[in-house]
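Note that the chains take the letters A, B, C, D, E and F in the order they are written out, and that residue 1 is the start of every chain.
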Amino acid sequence: MSEYASSMNEAAAAPIQLVPGNSLITKTPEDGRLLAVKMARLIIKATQPDAAVREKLRAVYAEDAAMLIAIGQTVATEFATISAANNYWK
Amino acid sequence: MSEYASSMNEAAAAPIQLVPGNSLITKTPEDGRLLAVKMARLIIKATQPDAAVREKLRAVYAEDAAMLIAIGQTVATEFATISAANNYWK
Amino acid sequence: MSEYASSMNEAAAAPIQLVPGNSLITKTPEDGRLLAVKMARLIIKATQPDAAVREKLRAVYAEDAAMLIAIGQTVATEFATISAANNYWK
Amino acid sequence: MSEYASSMNEAAAAPIQLVPGNSLITKTPEDGRLLAVKMARLIIKATQPDAAVREKLRAVYAEDAAMLIAIGQTVATEFATISAANNYWK
Amino acid sequence: MSEYASSMNEAAAAPIQLVPGNSLITKTPEDGRLLAVKMARLIIKATQPDAAVREKLRAVYAEDAAMLIAIGQTVATEFATISAANNYWK
Amino acid sequence: MSEYASSMNEAAAAPIQLVPGNSLITKTPEDGRLLAVKMARLIIKATQPDAAVREKLRAVYAEDAAMLIAIGQTVATEFATISAANNYWK
(Lines give C-alpha, C1' and ligand atoms only; values in the text may rest on other atoms or scores of the structure.)
Protein backbone atom coordinates (compact mmCIF):
# COMPACT_ATOMS: atom_id res chain seq x y z
CA MET A 1 0.00 0.00 0.00
CA SER A 2 1.36 3.39 -0.87
CA GLU A 3 2.10 5.97 1.83
CA TYR A 4 -0.60 8.11 0.35
CA ALA A 5 -3.27 5.40 0.56
CA SER A 6 -2.29 4.51 4.09
CA SER A 7 -2.49 8.12 5.25
CA MET A 8 -5.96 8.39 3.76
CA ASN A 9 -7.05 5.30 5.67
CA GLU A 10 -5.81 6.72 8.95
CA ALA A 11 -8.41 9.42 8.69
CA ALA A 12 -11.42 7.17 8.70
CA ALA A 13 -12.68 3.73 7.74
CA ALA A 14 -14.19 5.30 4.63
CA PRO A 15 -11.59 6.87 2.32
CA ILE A 16 -11.83 10.55 1.46
CA GLN A 17 -13.74 11.26 -1.74
CA LEU A 18 -11.52 13.55 -3.76
CA VAL A 19 -14.12 14.65 -6.34
CA PRO A 20 -17.42 15.46 -4.61
CA GLY A 21 -20.28 13.90 -6.57
CA ASN A 22 -17.67 12.08 -8.69
CA SER A 23 -18.34 14.53 -11.53
CA LEU A 24 -16.83 17.73 -12.93
CA ILE A 25 -20.17 18.85 -14.37
CA THR A 26 -21.93 21.66 -12.49
CA LYS A 27 -25.00 23.74 -13.20
CA THR A 28 -23.34 27.14 -13.07
CA PRO A 29 -19.91 28.81 -13.01
CA GLU A 30 -20.47 29.61 -9.34
CA ASP A 31 -21.01 25.92 -8.58
CA GLY A 32 -17.94 25.11 -10.64
CA ARG A 33 -15.90 27.57 -8.62
CA LEU A 34 -17.08 26.03 -5.36
CA LEU A 35 -16.11 22.61 -6.69
CA ALA A 36 -12.64 23.92 -7.57
CA VAL A 37 -12.21 25.18 -4.00
CA LYS A 38 -13.40 21.88 -2.54
CA MET A 39 -11.17 19.78 -4.76
CA ALA A 40 -8.15 21.89 -3.84
CA ARG A 41 -8.95 21.49 -0.14
CA LEU A 42 -9.52 17.73 -0.40
CA ILE A 43 -5.98 17.18 -1.70
CA ILE A 44 -4.68 18.93 1.40
CA LYS A 45 -7.00 16.82 3.55
CA ALA A 46 -5.80 13.60 1.93
CA THR A 47 -2.15 14.60 2.37
CA GLN A 48 -2.65 15.73 5.97
CA PRO A 49 -5.59 13.73 7.35
CA ASP A 50 -5.21 14.99 10.92
CA ALA A 51 -7.91 17.65 11.36
CA ALA A 52 -6.14 19.25 14.32
CA VAL A 53 -2.96 19.76 12.32
CA ARG A 54 -4.95 21.17 9.38
CA GLU A 55 -6.70 23.62 11.71
CA LYS A 56 -3.32 24.76 13.02
CA LEU A 57 -1.98 25.19 9.47
CA ARG A 58 -5.12 27.07 8.47
CA ALA A 59 -4.29 29.71 11.08
CA VAL A 60 -0.89 30.03 9.41
CA TYR A 61 -1.94 30.40 5.78
CA ALA A 62 -4.97 32.59 6.47
CA GLU A 63 -2.61 35.26 7.81
CA ASP A 64 0.09 34.84 5.20
CA ALA A 65 -0.29 36.87 2.02
CA ALA A 66 2.02 34.67 -0.05
CA MET A 67 0.13 31.51 0.86
CA LEU A 68 -3.25 33.08 0.17
CA ILE A 69 -1.99 33.99 -3.29
CA ALA A 70 -0.71 30.43 -3.78
CA ILE A 71 -4.11 29.01 -2.81
CA GLY A 72 -5.62 31.27 -5.44
CA GLN A 73 -3.22 29.87 -8.04
CA THR A 74 -4.24 26.30 -7.24
CA VAL A 75 -7.95 27.09 -7.33
CA ALA A 76 -7.42 28.84 -10.69
CA THR A 77 -5.83 25.69 -12.12
CA GLU A 78 -8.62 23.43 -10.84
CA PHE A 79 -11.21 25.87 -12.16
CA ALA A 80 -9.64 25.85 -15.63
CA THR A 81 -10.25 22.10 -15.82
CA ILE A 82 -13.80 22.32 -14.47
CA SER A 83 -14.61 25.17 -16.85
CA ALA A 84 -13.41 23.18 -19.84
CA ALA A 85 -15.43 20.16 -18.64
CA ASN A 86 -18.56 22.33 -18.67
CA ASN A 87 -17.75 23.94 -22.01
CA TYR A 88 -17.49 27.18 -20.02
CA TRP A 89 -21.26 27.03 -19.28
CA LYS A 90 -22.00 28.50 -22.69
CA MET B 1 -19.89 21.63 7.18
CA SER B 2 -16.42 22.05 5.76
CA GLU B 3 -13.98 24.52 7.30
CA TYR B 4 -14.10 26.46 4.08
CA ALA B 5 -17.89 26.81 4.11
CA SER B 6 -17.93 27.79 7.76
CA SER B 7 -15.30 30.49 7.23
CA MET B 8 -17.38 31.92 4.40
CA ASN B 9 -20.40 32.08 6.66
CA GLU B 10 -18.48 33.97 9.32
CA ALA B 11 -18.15 36.85 6.91
CA ALA B 12 -21.84 37.51 6.50
CA ALA B 13 -25.25 35.88 6.49
CA ALA B 14 -25.07 35.81 2.70
CA PRO B 15 -22.18 33.68 1.36
CA ILE B 16 -19.57 35.31 -0.84
CA GLN B 17 -20.30 35.01 -4.55
CA LEU B 18 -17.12 33.67 -6.10
CA VAL B 19 -18.03 34.36 -9.77
CA PRO B 20 -19.56 37.85 -10.11
CA GLY B 21 -22.64 37.62 -12.32
CA ASN B 22 -22.30 33.81 -12.23
CA SER B 23 -20.91 33.89 -15.77
CA LEU B 24 -17.52 33.84 -17.49
CA ILE B 25 -18.87 35.65 -20.54
CA THR B 26 -17.89 39.32 -20.87
CA LYS B 27 -18.33 41.91 -23.58
CA THR B 28 -14.67 42.75 -24.05
CA PRO B 29 -11.16 41.56 -23.15
CA GLU B 30 -10.92 44.47 -20.71
CA ASP B 31 -14.05 43.29 -18.92
CA GLY B 32 -12.65 39.76 -18.93
CA ARG B 33 -9.45 40.99 -17.37
CA LEU B 34 -11.36 42.80 -14.63
CA LEU B 35 -13.33 39.60 -13.98
CA ALA B 36 -10.07 37.66 -13.67
CA VAL B 37 -8.80 40.12 -11.08
CA LYS B 38 -12.06 39.97 -9.14
CA MET B 39 -12.21 36.18 -9.16
CA ALA B 40 -8.63 35.97 -7.91
CA ARG B 41 -9.43 38.41 -5.10
CA LEU B 42 -12.64 36.61 -4.11
CA ILE B 43 -10.76 33.39 -3.41
CA ILE B 44 -8.55 35.32 -1.00
CA LYS B 45 -11.65 36.88 0.55
CA ALA B 46 -13.31 33.47 0.99
CA THR B 47 -10.17 32.02 2.55
CA GLN B 48 -9.62 35.02 4.82
CA PRO B 49 -13.05 36.58 5.43
CA ASP B 50 -11.81 39.09 8.03
CA ALA B 51 -11.58 42.42 6.20
CA ALA B 52 -9.20 43.89 8.76
CA VAL B 53 -6.73 41.03 8.31
CA ARG B 54 -6.99 41.30 4.51
CA GLU B 55 -6.29 45.03 4.70
CA LYS B 56 -3.19 44.32 6.79
CA LEU B 57 -2.01 41.66 4.34
CA ARG B 58 -2.66 44.01 1.43
CA ALA B 59 -0.12 46.42 2.89
CA VAL B 60 2.35 43.53 2.89
CA TYR B 61 1.90 42.26 -0.67
CA ALA B 62 1.59 45.69 -2.28
CA GLU B 63 5.16 46.44 -1.18
CA ASP B 64 6.61 43.03 -1.96
CA ALA B 65 7.87 42.48 -5.49
CA ALA B 66 7.71 38.68 -5.31
CA MET B 67 4.09 38.70 -4.19
CA LEU B 68 3.06 41.22 -6.82
CA ILE B 69 4.55 38.92 -9.44
CA ALA B 70 2.69 35.94 -7.91
CA ILE B 71 -0.59 37.85 -8.07
CA GLY B 72 0.10 38.45 -11.73
CA GLN B 73 0.60 34.73 -12.26
CA THR B 74 -2.76 33.92 -10.67
CA VAL B 75 -4.59 36.57 -12.68
CA ALA B 76 -2.95 35.22 -15.85
CA THR B 77 -4.30 31.75 -15.10
CA GLU B 78 -7.82 33.00 -14.41
CA PHE B 79 -7.68 35.13 -17.55
CA ALA B 80 -6.69 32.13 -19.68
CA THR B 81 -9.92 30.41 -18.65
CA ILE B 82 -12.08 33.50 -19.19
CA SER B 83 -10.47 34.13 -22.57
CA ALA B 84 -11.21 30.59 -23.72
CA ALA B 85 -14.80 30.94 -22.47
CA ASN B 86 -15.20 34.01 -24.68
CA ASN B 87 -13.46 32.43 -27.67
CA TYR B 88 -10.86 35.15 -27.19
CA TRP B 89 -13.44 37.82 -28.16
CA LYS B 90 -12.82 37.08 -31.81
CA MET C 1 -16.46 49.58 -4.01
CA SER C 2 -13.93 46.79 -3.83
CA GLU C 3 -10.45 47.44 -2.45
CA TYR C 4 -9.09 46.73 -5.87
CA ALA C 5 -11.30 49.30 -7.58
CA SER C 6 -10.54 51.90 -4.95
CA SER C 7 -6.80 51.39 -5.27
CA MET C 8 -7.09 51.84 -9.02
CA ASN C 9 -8.89 55.10 -8.51
CA GLU C 10 -6.19 56.41 -6.23
CA ALA C 11 -3.82 56.32 -9.17
CA ALA C 12 -5.73 58.70 -11.37
CA ALA C 13 -9.17 59.94 -12.28
CA ALA C 14 -9.12 57.61 -15.27
CA PRO C 15 -8.88 53.92 -14.32
CA ILE C 16 -5.96 51.88 -15.61
CA GLN C 17 -6.70 50.01 -18.83
CA LEU C 18 -5.62 46.43 -18.20
CA VAL C 19 -5.72 45.23 -21.84
CA PRO C 20 -4.11 47.84 -24.13
CA GLY C 21 -6.31 48.32 -27.18
CA ASN C 22 -8.96 46.14 -25.50
CA SER C 23 -8.01 43.26 -27.79
CA LEU C 24 -5.83 40.15 -27.70
CA ILE C 25 -5.37 40.18 -31.48
CA THR C 26 -1.96 41.32 -32.72
CA LYS C 27 -0.30 41.40 -36.12
CA THR C 28 2.72 39.31 -35.23
CA PRO C 29 4.12 37.03 -32.50
CA GLU C 30 6.50 39.85 -31.53
CA ASP C 31 3.57 42.20 -30.99
CA GLY C 32 1.82 39.46 -29.03
CA ARG C 33 4.86 39.04 -26.83
CA LEU C 34 4.99 42.78 -26.15
CA LEU C 35 1.29 42.67 -25.24
CA ALA C 36 1.96 39.79 -22.81
CA VAL C 37 4.67 41.85 -21.11
CA LYS C 38 2.43 44.90 -20.89
CA MET C 39 -0.53 42.96 -19.52
CA ALA C 40 1.66 41.38 -16.85
CA ARG C 41 3.00 44.80 -15.85
CA LEU C 42 -0.46 46.40 -15.76
CA ILE C 43 -1.65 43.92 -13.13
CA ILE C 44 1.25 44.99 -10.95
CA LYS C 45 0.42 48.63 -11.63
CA ALA C 46 -3.23 48.11 -10.69
CA THR C 47 -2.27 46.31 -7.49
CA GLN C 48 0.38 48.87 -6.56
CA PRO C 49 -0.70 52.19 -8.15
CA ASP C 50 2.02 54.26 -6.47
CA ALA C 51 4.67 54.84 -9.12
CA ALA C 52 7.36 55.63 -6.58
CA VAL C 53 6.82 52.33 -4.76
CA ARG C 54 6.83 50.43 -8.08
CA GLU C 55 10.10 52.09 -9.05
CA LYS C 56 11.62 51.01 -5.72
CA LEU C 57 10.37 47.44 -6.18
CA ARG C 58 11.70 47.40 -9.73
CA ALA C 59 15.20 47.96 -8.36
CA VAL C 60 14.63 44.90 -6.17
CA TYR C 61 13.36 42.44 -8.78
CA ALA C 62 15.73 43.53 -11.54
CA GLU C 63 18.64 42.35 -9.39
CA ASP C 64 17.01 39.20 -8.08
CA ALA C 65 17.41 36.08 -10.19
CA ALA C 66 14.44 34.25 -8.66
CA MET C 67 12.09 37.16 -9.33
CA LEU C 68 13.30 37.59 -12.89
CA ILE C 69 12.52 33.92 -13.48
CA ALA C 70 9.07 34.38 -11.91
CA ILE C 71 8.35 37.33 -14.19
CA GLY C 72 9.25 35.09 -17.11
CA GLN C 73 6.75 32.49 -15.88
CA THR C 74 3.95 35.06 -15.75
CA VAL C 75 4.74 36.43 -19.20
CA ALA C 76 4.78 32.86 -20.55
CA THR C 77 1.26 32.27 -19.19
CA GLU C 78 -0.09 35.52 -20.65
CA PHE C 79 1.59 34.74 -23.96
CA ALA C 80 -0.04 31.29 -24.10
CA THR C 81 -3.45 32.98 -24.02
CA ILE C 82 -2.54 35.63 -26.57
CA SER C 83 -1.02 33.00 -28.88
CA ALA C 84 -4.19 30.92 -28.76
CA ALA C 85 -6.26 34.05 -29.44
CA ASN C 86 -4.23 34.64 -32.59
CA ASN C 87 -4.31 30.99 -33.66
CA TYR C 88 -0.54 31.11 -33.19
CA TRP C 89 -0.21 33.55 -36.13
CA LYS C 90 -0.40 30.64 -38.55
CA MET D 1 23.13 6.18 -18.32
CA SER D 2 21.57 9.37 -17.07
CA GLU D 3 21.66 10.27 -13.38
CA TYR D 4 17.90 9.93 -13.34
CA ALA D 5 17.90 6.40 -14.71
CA SER D 6 20.65 5.31 -12.34
CA SER D 7 18.79 6.67 -9.32
CA MET D 8 15.69 4.76 -10.38
CA ASN D 9 17.69 1.57 -10.61
CA GLU D 10 19.07 1.99 -7.11
CA ALA D 11 15.56 1.57 -5.78
CA ALA D 12 15.00 -1.89 -7.11
CA ALA D 13 15.89 -4.29 -9.90
CA ALA D 14 12.57 -3.40 -11.54
CA PRO D 15 12.30 0.28 -12.50
CA ILE D 16 9.50 2.38 -11.02
CA GLN D 17 6.43 2.54 -13.22
CA LEU D 18 5.58 6.23 -13.51
CA VAL D 19 2.07 5.83 -15.00
CA PRO D 20 0.17 3.10 -13.12
CA GLY D 21 -1.59 0.85 -15.64
CA ASN D 22 0.31 2.68 -18.41
CA SER D 23 -2.88 4.57 -19.30
CA LEU D 24 -4.48 7.94 -18.56
CA ILE D 25 -7.98 6.57 -19.11
CA THR D 26 -10.04 6.01 -15.96
CA LYS D 27 -13.66 5.07 -15.35
CA THR D 28 -14.59 8.08 -13.25
CA PRO D 29 -13.35 11.54 -12.21
CA GLU D 30 -12.60 10.11 -8.76
CA ASP D 31 -10.36 7.45 -10.29
CA GLY D 32 -8.74 10.14 -12.42
CA ARG D 33 -8.04 12.22 -9.34
CA LEU D 34 -6.45 9.24 -7.58
CA LEU D 35 -4.28 8.68 -10.66
CA ALA D 36 -3.20 12.33 -10.58
CA VAL D 37 -2.14 11.95 -6.94
CA LYS D 38 -0.25 8.73 -7.67
CA MET D 39 1.54 10.15 -10.71
CA ALA D 40 2.62 13.20 -8.71
CA ARG D 41 3.96 10.96 -5.94
CA LEU D 42 5.78 8.64 -8.33
CA ILE D 43 7.87 11.51 -9.69
CA ILE D 44 9.00 12.23 -6.15
CA LYS D 45 9.72 8.54 -5.63
CA ALA D 46 11.78 8.36 -8.83
CA THR D 47 13.76 11.47 -7.87
CA GLN D 48 14.29 10.31 -4.29
CA PRO D 49 14.21 6.50 -4.34
CA ASP D 50 15.24 6.09 -0.70
CA ALA D 51 12.03 5.29 1.19
CA ALA D 52 13.51 6.32 4.54
CA VAL D 53 14.39 9.78 3.23
CA ARG D 54 10.93 10.14 1.64
CA GLU D 55 9.31 9.22 4.95
CA LYS D 56 11.38 11.90 6.70
CA LEU D 57 10.45 14.50 4.07
CA ARG D 58 6.79 13.50 4.35
CA ALA D 59 6.85 14.54 8.00
CA VAL D 60 8.14 17.92 6.84
CA TYR D 61 5.64 18.70 4.11
CA ALA D 62 2.60 17.32 5.92
CA GLU D 63 3.09 20.00 8.58
CA ASP D 64 3.98 22.82 6.21
CA ALA D 65 1.10 24.84 4.82
CA ALA D 66 3.06 26.22 1.87
CA MET D 67 4.17 22.76 0.76
CA LEU D 68 0.68 21.31 1.09
CA ILE D 69 -0.56 24.08 -1.19
CA ALA D 70 2.26 23.35 -3.65
CA ILE D 71 1.33 19.65 -3.70
CA GLY D 72 -2.21 20.73 -4.55
CA GLN D 73 -0.90 22.79 -7.46
CA THR D 74 0.99 19.82 -8.89
CA VAL D 75 -1.98 17.47 -8.52
CA ALA D 76 -4.17 20.08 -10.24
CA THR D 77 -1.81 20.15 -13.22
CA GLU D 78 -1.69 16.36 -13.51
CA PHE D 79 -5.47 16.20 -13.18
CA ALA D 80 -5.93 18.72 -16.00
CA THR D 81 -4.10 16.34 -18.34
CA ILE D 82 -5.97 13.25 -17.14
CA SER D 83 -9.31 15.08 -17.42
CA ALA D 84 -8.59 16.08 -21.02
CA ALA D 85 -7.54 12.50 -21.80
CA ASN D 86 -10.93 11.29 -20.57
CA ASN D 87 -12.86 14.05 -22.36
CA TYR D 88 -13.83 15.18 -18.84
CA TRP D 89 -15.87 11.97 -18.35
CA LYS D 90 -18.74 13.52 -20.29
CA MET E 1 6.78 55.77 -22.17
CA SER E 2 6.37 52.80 -19.89
CA GLU E 3 9.17 51.80 -17.52
CA TYR E 4 9.49 48.59 -19.45
CA ALA E 5 9.95 50.32 -22.80
CA SER E 6 12.45 52.76 -21.35
CA SER E 7 14.51 49.99 -19.79
CA MET E 8 14.60 48.20 -23.13
CA ASN E 9 15.88 51.35 -24.77
CA GLU E 10 18.71 51.66 -22.29
CA ALA E 11 20.13 48.44 -23.63
CA ALA E 12 20.66 49.60 -27.17
CA ALA E 13 19.37 51.87 -29.88
CA ALA E 14 17.60 48.87 -31.39
CA PRO E 15 14.99 47.33 -29.10
CA ILE E 16 15.37 43.70 -28.08
CA GLN E 17 13.46 41.28 -30.31
CA LEU E 18 11.46 39.09 -27.93
CA VAL E 19 10.47 36.39 -30.48
CA PRO E 20 13.48 35.45 -32.64
CA GLY E 21 12.38 35.29 -36.26
CA ASN E 22 9.02 36.75 -35.22
CA SER E 23 7.45 33.30 -35.56
CA LEU E 24 6.53 30.36 -33.34
CA ILE E 25 6.83 27.89 -36.22
CA THR E 26 9.92 25.68 -36.19
CA LYS E 27 11.05 22.72 -38.26
CA THR E 28 11.46 20.26 -35.41
CA PRO E 29 10.67 19.76 -31.71
CA GLU E 30 14.36 20.36 -30.97
CA ASP E 31 14.22 23.74 -32.70
CA GLY E 32 11.01 24.50 -30.83
CA ARG E 33 12.70 23.68 -27.54
CA LEU E 34 15.61 25.99 -28.37
CA LEU E 35 13.12 28.74 -29.20
CA ALA E 36 11.40 28.21 -25.83
CA VAL E 37 14.73 28.61 -24.05
CA LYS E 38 15.57 31.76 -26.04
CA MET E 39 12.18 33.35 -25.47
CA ALA E 40 12.44 32.70 -21.73
CA ARG E 41 15.91 34.28 -21.65
CA LEU E 42 14.84 37.32 -23.70
CA ILE E 43 12.21 38.27 -21.12
CA ILE E 44 14.94 38.31 -18.49
CA LYS E 45 17.13 40.36 -20.82
CA ALA E 46 14.35 42.89 -21.45
CA THR E 47 13.64 43.20 -17.73
CA GLN E 48 17.33 43.47 -16.82
CA PRO E 49 19.10 44.97 -19.83
CA ASP E 50 22.46 45.37 -18.09
CA ALA E 51 24.61 42.47 -19.32
CA ALA E 52 27.00 42.72 -16.37
CA VAL E 53 24.16 42.36 -13.86
CA ARG E 54 22.72 39.42 -15.82
CA GLU E 55 26.10 37.72 -15.81
CA LYS E 56 26.31 38.15 -12.03
CA LEU E 57 22.78 36.76 -11.59
CA ARG E 58 23.61 33.85 -13.87
CA ALA E 59 26.33 32.78 -11.45
CA VAL E 60 23.65 32.78 -8.74
CA TYR E 61 20.95 30.74 -10.45
CA ALA E 62 23.30 28.25 -12.09
CA GLU E 63 24.33 27.08 -8.61
CA ASP E 64 20.89 27.17 -7.05
CA ALA E 65 18.78 24.03 -7.40
CA ALA E 66 15.47 25.79 -6.75
CA MET E 67 16.12 28.41 -9.43
CA LEU E 68 17.23 25.82 -11.97
CA ILE E 69 13.94 24.01 -11.38
CA ALA E 70 12.04 27.29 -11.78
CA ILE E 71 13.78 27.97 -15.09
CA GLY E 72 12.66 24.53 -16.21
CA GLN E 73 9.07 25.40 -15.30
CA THR E 74 9.17 28.57 -17.39
CA VAL E 75 10.70 26.81 -20.38
CA ALA E 76 8.02 24.10 -20.09
CA THR E 77 5.29 26.75 -20.28
CA GLU E 78 6.84 28.46 -23.31
CA PHE E 79 7.33 25.08 -24.98
CA ALA E 80 3.67 24.17 -24.47
CA THR E 81 2.70 27.22 -26.54
CA ILE E 82 5.29 26.58 -29.25
CA SER E 83 4.28 22.91 -29.44
CA ALA E 84 0.62 23.81 -29.93
CA ALA E 85 1.62 26.37 -32.59
CA ASN E 86 3.38 23.60 -34.50
CA ASN E 87 0.56 21.09 -34.00
CA TYR E 88 3.13 19.09 -32.02
CA TRP E 89 5.17 18.50 -35.21
CA LYS E 90 2.84 15.65 -36.15
CA MET F 1 26.55 34.12 -29.40
CA SER F 2 24.08 34.11 -26.54
CA GLU F 3 25.20 33.24 -23.02
CA TYR F 4 22.96 30.21 -23.20
CA ALA F 5 24.54 28.87 -26.37
CA SER F 6 28.04 29.47 -25.06
CA SER F 7 27.31 27.65 -21.82
CA MET F 8 26.01 24.69 -23.80
CA ASN F 9 29.19 24.62 -25.81
CA GLU F 10 31.34 24.54 -22.69
CA ALA F 11 29.86 21.16 -21.89
CA ALA F 12 31.02 19.40 -25.00
CA ALA F 13 31.88 19.85 -28.63
CA ALA F 14 28.45 18.45 -29.51
CA PRO F 15 25.57 20.57 -28.18
CA ILE F 16 23.09 18.97 -25.78
CA GLN F 17 20.01 17.56 -27.49
CA LEU F 18 17.05 18.99 -25.59
CA VAL F 19 14.36 16.70 -27.05
CA PRO F 20 15.62 13.09 -27.13
CA GLY F 21 14.74 11.55 -30.51
CA ASN F 22 13.66 15.03 -31.67
CA SER F 23 10.01 13.96 -31.32
CA LEU F 24 7.20 14.25 -28.78
CA ILE F 25 5.53 11.09 -30.04
CA THR F 26 5.89 8.02 -27.82
CA LYS F 27 4.38 4.55 -27.87
CA THR F 28 2.81 4.64 -24.43
CA PRO F 29 1.95 7.01 -21.57
CA GLU F 30 4.82 5.49 -19.59
CA ASP F 31 7.27 6.36 -22.37
CA GLY F 32 5.74 9.83 -22.53
CA ARG F 33 6.26 10.28 -18.81
CA LEU F 34 9.89 9.22 -19.09
CA LEU F 35 10.33 11.75 -21.92
CA ALA F 36 8.83 14.48 -19.72
CA VAL F 37 11.34 13.67 -16.97
CA LYS F 38 14.23 13.67 -19.43
CA MET F 39 13.21 16.94 -21.05
CA ALA F 40 12.91 18.61 -17.66
CA ARG F 41 16.38 17.36 -16.69
CA LEU F 42 17.96 18.43 -19.98
CA ILE F 43 16.97 22.05 -19.40
CA ILE F 44 18.81 21.93 -16.09
CA LYS F 45 21.78 20.32 -17.81
CA ALA F 46 21.85 23.00 -20.50
CA THR F 47 21.65 25.77 -17.90
CA GLN F 48 24.27 24.18 -15.66
CA PRO F 49 26.53 22.13 -17.92
CA ASP F 50 29.05 21.28 -15.20
CA ALA F 51 28.27 17.69 -14.16
CA ALA F 52 30.05 18.07 -10.82
CA VAL F 53 27.93 21.08 -9.88
CA ARG F 54 24.76 19.27 -10.96
CA GLU F 55 25.70 16.27 -8.82
CA LYS F 56 26.17 18.58 -5.82
CA LEU F 57 22.81 20.27 -6.47
CA ARG F 58 21.14 16.89 -6.85
CA ALA F 59 22.14 16.06 -3.28
CA VAL F 60 20.40 19.28 -2.24
CA TYR F 61 17.08 18.86 -4.02
CA ALA F 62 16.72 15.13 -3.37
CA GLU F 63 16.57 15.90 0.35
CA ASP F 64 14.38 18.98 0.07
CA ALA F 65 10.63 18.42 0.11
CA ALA F 66 9.79 21.77 -1.50
CA MET F 67 12.17 21.20 -4.40
CA LEU F 68 10.92 17.67 -4.99
CA ILE F 69 7.41 19.08 -5.24
CA ALA F 70 8.63 21.77 -7.65
CA ILE F 71 10.27 19.13 -9.84
CA GLY F 72 6.93 17.35 -9.92
CA GLN F 73 5.25 20.55 -11.09
CA THR F 74 7.69 20.94 -13.97
CA VAL F 75 7.34 17.33 -15.05
CA ALA F 76 3.54 17.70 -14.93
CA THR F 77 3.75 20.69 -17.30
CA GLU F 78 6.04 18.88 -19.75
CA PHE F 79 3.81 15.81 -19.58
CA ALA F 80 0.72 17.88 -20.43
CA THR F 81 2.37 18.89 -23.71
CA ILE F 82 3.57 15.39 -24.53
CA SER F 83 0.14 13.94 -23.72
CA ALA F 84 -1.58 16.39 -26.06
CA ALA F 85 0.98 15.59 -28.76
CA ASN F 86 0.03 11.92 -28.49
CA ASN F 87 -3.70 12.61 -28.34
CA TYR F 88 -3.51 11.13 -24.83
CA TRP F 89 -2.67 7.69 -26.30
CA LYS F 90 -6.34 7.10 -26.95
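Keep this in mind: a contact is a pair of C-beta atoms (placed from the backbone, for glycine too) under 8 Å apart; a residue touches a chain by one contact, two chains touch by 3 or more.
What you see is a predicted model, and the numbers here were worked out from it, not measured in a lab.
**Student:** Counting only Cα atoms for the centres, state how far chain C is from chain F in Å.
**Tutor:** 29
**Student:** Report the inter-chain centroid distance for chain E and chain F in whole angstrom, where each centroid is the mean of the CA atoms.
**Tutor:** Result: the chain centres lie 17 Å from each other.
**Student:** Provide the C-alpha centroid distance between chain C and chain D, rounded to the nearest whole angstrom.
**Tutor:** 33
**Student:** Can you list every residue of chain D that touches 2 or more other chains, as numbers and ranges?
**Tutor:** Residues 58, 61, 64, 66, 70-71, 73, 77, 80, 84 of chain D each touch two or more of the other chains.
**Student:** Assign the assembly's chain-to-chain touch graph to one of these shapes: line, ring, star, complete, other.
**Tutor:** If you draw each chain as a dot and join those that touch, you get a single closed ring.
**Student:** Record each chain of the ring in the order reached, setting off from chain A and passing chain B first.
**Tutor:** A, B, C, E, F, D
**Student:** Spell out the residues on chain C that touch chain E in their complex, using ranges where they run on.
**Tutor:** It comes out as residues 28-30, 32-34, 37-38, 41, 54-55, 58, 61-66, 68-73, 75-77, 79-80, 83-84, 88-90.
**Student:** Along chain B, where are the residues that touch chain A in the complex?
**Tutor:** Touching chain A from chain B are residues 2-4, 7, 17-19, 22-25, 39-40, 43-44, 46-48, 53, 57-58, 60-61, 64, 66-67, 70-71, 73-74, 77-78, 80-81, 84-85.
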